[in-house]
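Structures for review follow.
Note that chain A is present in both complexes that follow, paired respectively with chain B and with chain C.
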Partner chain A sequence: MNQQQILPRPKHAITSEMMDKSFLADVIKMRGGQNVLDCIQCGVCAGSCHASWAMDFTPMQIVRMLHLGMKEKVLSSSTIWICASCYTCATRCPRGIDIPLLMSALKNMAIKEKFPAKIPVKPRFHKTFADIVQKYGRIHEPELFLKITNKTDFKGMMQNAKLGWTLLRKGKLKMKAPKVNKKDQWSTLFKNIAKEEGV
Partner chain B sequence: MKYAYFPGCSIHTTAQEYGISSKAVSKVLGIELIEIPEWNCCGAMDAVYAYNPLLSISLSARNLALAESMKMDVVTLCSACFFTLSRANKLLHEDSELKGKVDKLLNDSGLQYTGGVKVRHYLDVLLNDVGLENISKNVKVKLDGLKVAPYYGCMLIRPPNIVNFDDPEHPHSMDKIIEAIGGKNVDYIYKTQCCGASLGLTEQEVMMEMTKDLLLEAKKANADCIALPCPLCHLNMDAKQKTIESAFDIKIGMPVVFFTQLMGVAFGLSPKELALNKNCVPTKKLFSQIHA
Partner chain C sequence: MAKQEPKIGVYICRCGCDIEGNISATVDVEKVKEAAASINGVKVAEVYEYVCSNPGQQMIRDGIKEQGLNRIVVAACSPRMHLETFKRNVNQEGLNPYLLEIANIREQCSWIHDDKKLATFKAVDLVGRAVERARNLKPLEEKKVKVNRDALVIGGGIAGINASVELADKGYQVYLVEKGPSIGGHMAQLGKTFPTLDCSSCVITPKMVYVAQHPLIKIFSLSEVTKVDGSPGNFKITIKKRPRYVDASKCTACGECSKKCPVTAKSEFEVGLGSRKAIYQPFRQAVPSAYSIDKVNCLYFTKGVCKVCQKFCKANAVDFMQQEETVELNVGAIVVSTGYEVLDPQGVKQYSYGLNPDIVTHLQFERLLVQGLRRPSTGEQPKKIAFILCVGSRMNETAVENDYCEYCCNIGCMNAIKEAYVFQKEVPDAEPWVFYTDIRAHGKGYEEFYARLRNHGVRFIRGRAAEVMPYNGHLRVRAADTLLGMPIEEDFDMVVLSSGLVPSPGTDNVARMIGIHTGSDGFILERHHKLRPVDTQREGVYACGCALGPKDIRETITESMAVASQVATFLGKGEVPVSAEVAMVDEKKCNGCEECLKICPARAVEKIPSTFRTRMEINPMSCIGCGICVPICPTGAIDLNHSSEEQLMAQVRGVEMKEDVSPKIVAFIEKNTAYASADLAGQTRAHYGPNIRIISVPSTGRVGFKHLLQAFVAGADGVVFVEGEDSSFTGEKLREHVTRLKKDLQAVGVESLRLVSTTITIPQYPKLVDTFEVFTNRVSKIGPLSPKVRSEVGEKLKKLEAGESK
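Moving on, here comes the complex of A and B:
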């Protein structure tokens, strides 16, 4: 008789210490997370996702991991940062879960709690974008490009430099920052928002 | 026909040809786009939201408040602005606690938004306010069956509970316009596939994989060019096409134009009026017979 083959232990085995009971409750309180318990694990989101090939967990897996309270695994996954908010999943979800908004909420939680991101540039991208918009009222591309460029990634830097040159040559990259008048009015608005706690 | 025009940041920088050609086309069709004075960033989908949701919604709300005082519908060219403003509008309608918070913030800076603004995309205006008949009436130059791959991307059509003027799975609004101006739509299976969007700034490799497929599929469908309605998709497919070609060691050479540029060509407008020289992949050959 053939000896029974012993399969390797699953890579993502779940243990009790991975479960943070308050995590699910926190997610449900956030916009986008209210109805995560409605998920029936049908897999339409995972099958529809245009970027799942670049993620470590599919959106469906992330939702199940939320149910189980696997905070550490979820917030340190690449999935939440790779989601490009294309909304194919949410358009098809039979339970009406706004998965991209859920991913945004998880990003927000990861940024606030300073979770080390699997794609380190991402939290910096979101913060820099918001900072620039608050400074000028609009985005200023050259400043965004420069601030988020990873100085140790030579290949990426060369590609960005090439893009910058292409755009500059076409007059599409304006070195001068945008100007929105009535700065007092909109900067008051932003200052007051900064004082508010969440939404 | 007058509209409160929200250009969005890219129209002034990386997608100037979209703004310029839309204004030129609007002039022909009798559409008046009146720029919202002192508009600010829409909140940029997920870019600001992930950092601070309230900031993102308030950015949109300020624009909506400014538009409300103009007493006109808001029209955007950018799909992402269209989505972001529409989402904020919807959230402010549905969530009274959020509305209260945002109202107070707006009031403190001398603004008010009662919720009476409708956010629309330029494509919606062309199709439903101007009408296909009026569009084809203005055609002066036959595109002569120019083979076009209509690419819709994401935020223009999805999700249907936020943006809902076209079908989320099988959109056809741009197809109809291309037909009305004498173009021929090729059967393009990736018309609603995501280009990778802002991943181009942070996860370049992932974006390039995604965009490469869109370009190659258009080539396989025998298209002469891709027509699209979104500045970010355009940046990835047009400005980054050379980078993609060298990264994968392939030759693509697929012109990517805004659908408004195609309309302008059919309306007999000059390359300069449509800023055709701003596109990174040359468009000269594409219209060589027309602009001989």
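Moving on, here comes the complex of A and C:
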């Protein structure tokens, strides 16, 4: 009978169940991870970001969620996939946090922990990109383009056809596969990284 | 007296009645007494309930009087408790107070151990060690030196002005040195001050006039201090006085010369937003009220022609023949009030400062407000202004920009809010927007001022502006409203950057000249952040205002008053005591290598040039008695009073641990902070092993290779250095010292792991206990030092000592 009556918890409240205690430490420690505790939440990154309109959270909010250890929300956000790595935020950040690098670290973590990506094409894009680099030692745009688009949508491919044609005419798209010296060293490099990362 | 046969009296305190006593409960005092009495030279050994009580003191006095004792050892509580009491007591009987030694058998023994047998052993050891040290003690005299009652104030901003006024009103002669042509500093440039909105120059101008007319203040304008010699209380100052080319005593400041001068230059006072002539007065109310010629722009000095000003000067004050002067002064104390500069925001590239005239710093905007607010580009009245806060502030070392401050500028928020308010008053339909990171309204009346402005139509956007782009005659500011997580973009007529405050460019130089320290931020470092906020590391040198860190006017005034009070306390007594516990250089042994000069943290070492041989001398006024220079001296020419080589060696030799504790560890503990921390460990009854033997030293830098070897010969298996965190021997210095000792130890076959060092503050005593425990474990893992190595170490020590005696 002595139990005090309190109002029910708001449905959208942040609770300790949402906070993964080791998440922040893991992010700081991992390859490409940044000391996000340095962040003073000034908002320069959010104001600078040219892709923030498409994101569900601004980079600043992602960092804030990292502070609180909200793993679920961070790794399933679209922000980490939309980041174009233009480095505007990183050059302006007063605390020297390399946000694009942090985003790619979070991407890696999301893939490893099997979080579904909000932008499904992005993980495949990264994978294909890496595959092509491993194959030729350098990126080959036509192959990348074809591999990405024909698996997702034919319509998107048609939309980009005009741009492709312009690039081709200006000689920006090389149809021939690129060649680099000592290509065998590339595969060793990739193998070593894969071993280190435990992929 | 030193050659007199030492007659030692040992007085052991029970600190309570017999068995219940604080000491006698765990230490068998009778056994200690027996052991002490058997030591050679000990005449009297007594046990008493409370040696610190009147009958106890009487007992010591009787001993001196009746038995002719000339050395007293008191085995009782910490010297921090009753050293002064006992010193006074023996002095009453005519014994030099420096011939007294205290063995701390309470805080370092009875309170931290339970095992009565081991505690007794340790007490015997502690007393034995004190006796060894007492045998070698020498009488010392404390001297007093007369001080010069004049004071020097460097920097003529509001801090320097107010400190000078306060000091002069107290009756001290003050010399105020200012590098510019007028005193007044940044405060004279400001329009209104927050939060009361009173006029800044209306407040400071009367003060400036008061300074000019005060009989006890002498202003050196256009001057810089070039040399500081001497010691606290008796500094010798050299001042370089640049020529004004106008006789200040004749100049009536009529301004006729300035009207006729054909050269215009950018005005420093207007921060580049106005012009002045080559012969000028920075502002109308300047003090000294005289014009001066700017040599860089003047046609006569650049091209050799003109002299128009001379022709038109009715008072005949212009004098092109003036030469640079050197003035020498003797002062007792120095006040550093060198102030700040506004950080050049060009380093923060995204704000486009310097690319568009409408983007200004807060100081420039202040001048614009005083001039009558107009857009620098078009001359129209601006309607919409963005105030961007934290420009260049609160960054860290990994940020991309080159110029930045790590700290908060302290005044940016309130200043921008005030400027927004004044802007609203000046322009009827003004629209000020403030882009802030956090509003810090920490002073009296500041929060209320902020609240008032929020209700006054000032738009506050929480988000540091991302970029400023000049666009179609406007300035487009892009930011994020971080409270909503949405981007925000707006066009403005002007942008005001609240740029950070950095120490004025001469600060570092002045600090080096005087021998005081600057922090990592470049500002002068205070002696103690809380308790001695206006004292510097050097006695007799004080600092106030923005030289210590960015702050507002009210705080600056508070500090300048505090400084005046501190200087008056220091100079007012007319003399300063010189500690007897200082280092001395043996003239004959010194080879003038300057090692001591380099390492001295107090700049006490002075070079005595001589045609025959340069030698060093230590000024006892400046010496802080840390003893760092003693082991560093390659010829062994330096010794420290009251912790001399033979005293310390005797003390270390006394650590013959007869009882069976293992591993045996000697802890060299800095005598103030670290020792107090060890006392605290005792007071809280924290436990550490009886294998730890504490020796207090002025600083761990006092301990050289020889003492380490002696410790190992005396039976130690490991050595710990504990330094107080506030001492002058922490950080890099301590690390270097320990690394060097470790290397030397390895050369004689002692594992470098047998030496550790740590720094602590007083309340951190658990860390001390921890260090002892961890180190004990480590040394027991390594095992005791093998007898073979020990004998080798002994031989090495003998060789070292033999080499020295030669």
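The working rule: the second predicted complex is superposed on the first by the 145 of 199 C-alpha atoms of A that agree within 3 Å, B and C clash if a C-alpha of one lies under 4 Å from a C-alpha of the other, contacts with A are read in each partner's own complex, and residues count from 1 in each chain.
Throughout what follows, a residue touches a chain if its C-beta (ideal position, glycine included) is under 8 Å from a C-beta of that chain, and two chains touch if they have at least 3 such contacts.
Worth saying up front: this structure is predicted, and the values here are computed from it rather than measured.
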{"item": "First (chain B), second (chain C), both or neither touched by A:186", "value": "first"}
{"item": "Contacts of A:68 with chain B and chain C, given as first, second, both or neither", "value": "neither"}
{"item": "Between chain B and chain C, more extensive residue contact with chain A", "value": "B"}
{"item": "Which superposed partner A:129 touches (first chain B, second chain C, both, neither)", "value": "first"}
{"item": "Touching partner for A:170 - first (chain B), second (chain C), both, neither", "value": "first"}
{"item": "Which of chain B and chain C A:91 touches, first, second, both or neither", "value": "both"}
{"item": "Which superposed partner A:178 touches (first chain B, second chain C, both, neither)", "value": "first"}
{"item": "First (chain B), second (chain C), both or neither touched by A:145", "value": "first"}
{"item": "Touched partner set for A:18, first chain B, second chain C, both or neither", "value": "neither"}
{"item": "Shared contact residues on chain A - chain B and chain C", "value": "90-91"}
{"item": "For the chain A and chain B complex, residues of the former touching the latter", "value": "31, 50-51, 54, 81-82, 84-88, 90-91, 98, 100, 103-105, 107-108, 111, 119, 121-122, 125-127, 129-130, 133-134, 137-139, 141, 144-145, 148, 156, 159-160, 162-163, 166-167, 170-174, 178, 180-182, 185-186, 188-190, 192-194, 196, 198-199"}
{"item": "Touching residues (chain side chain A, partner chain C) in the complex", "value": "38, 40-44, 46-49, 52-53, 57-58, 60-61, 90-97"}
{"item": "Interfacial residue positions of chain B with respect to chain A in the complex", "value": "9, 12-16, 37-41, 44-55, 57-59, 62, 91, 98, 101, 105-106, 108-111, 154-155, 158-160, 168-169, 192-194, 196-199, 201-204, 206, 209-210, 239-240, 242-243, 247, 277-278, 280"}
{"item": "Residue ranges of chain C in contact with chain A within the complex", "value": "350, 390, 394-401, 404, 437-438, 462-467, 478-482, 485, 487-488"}
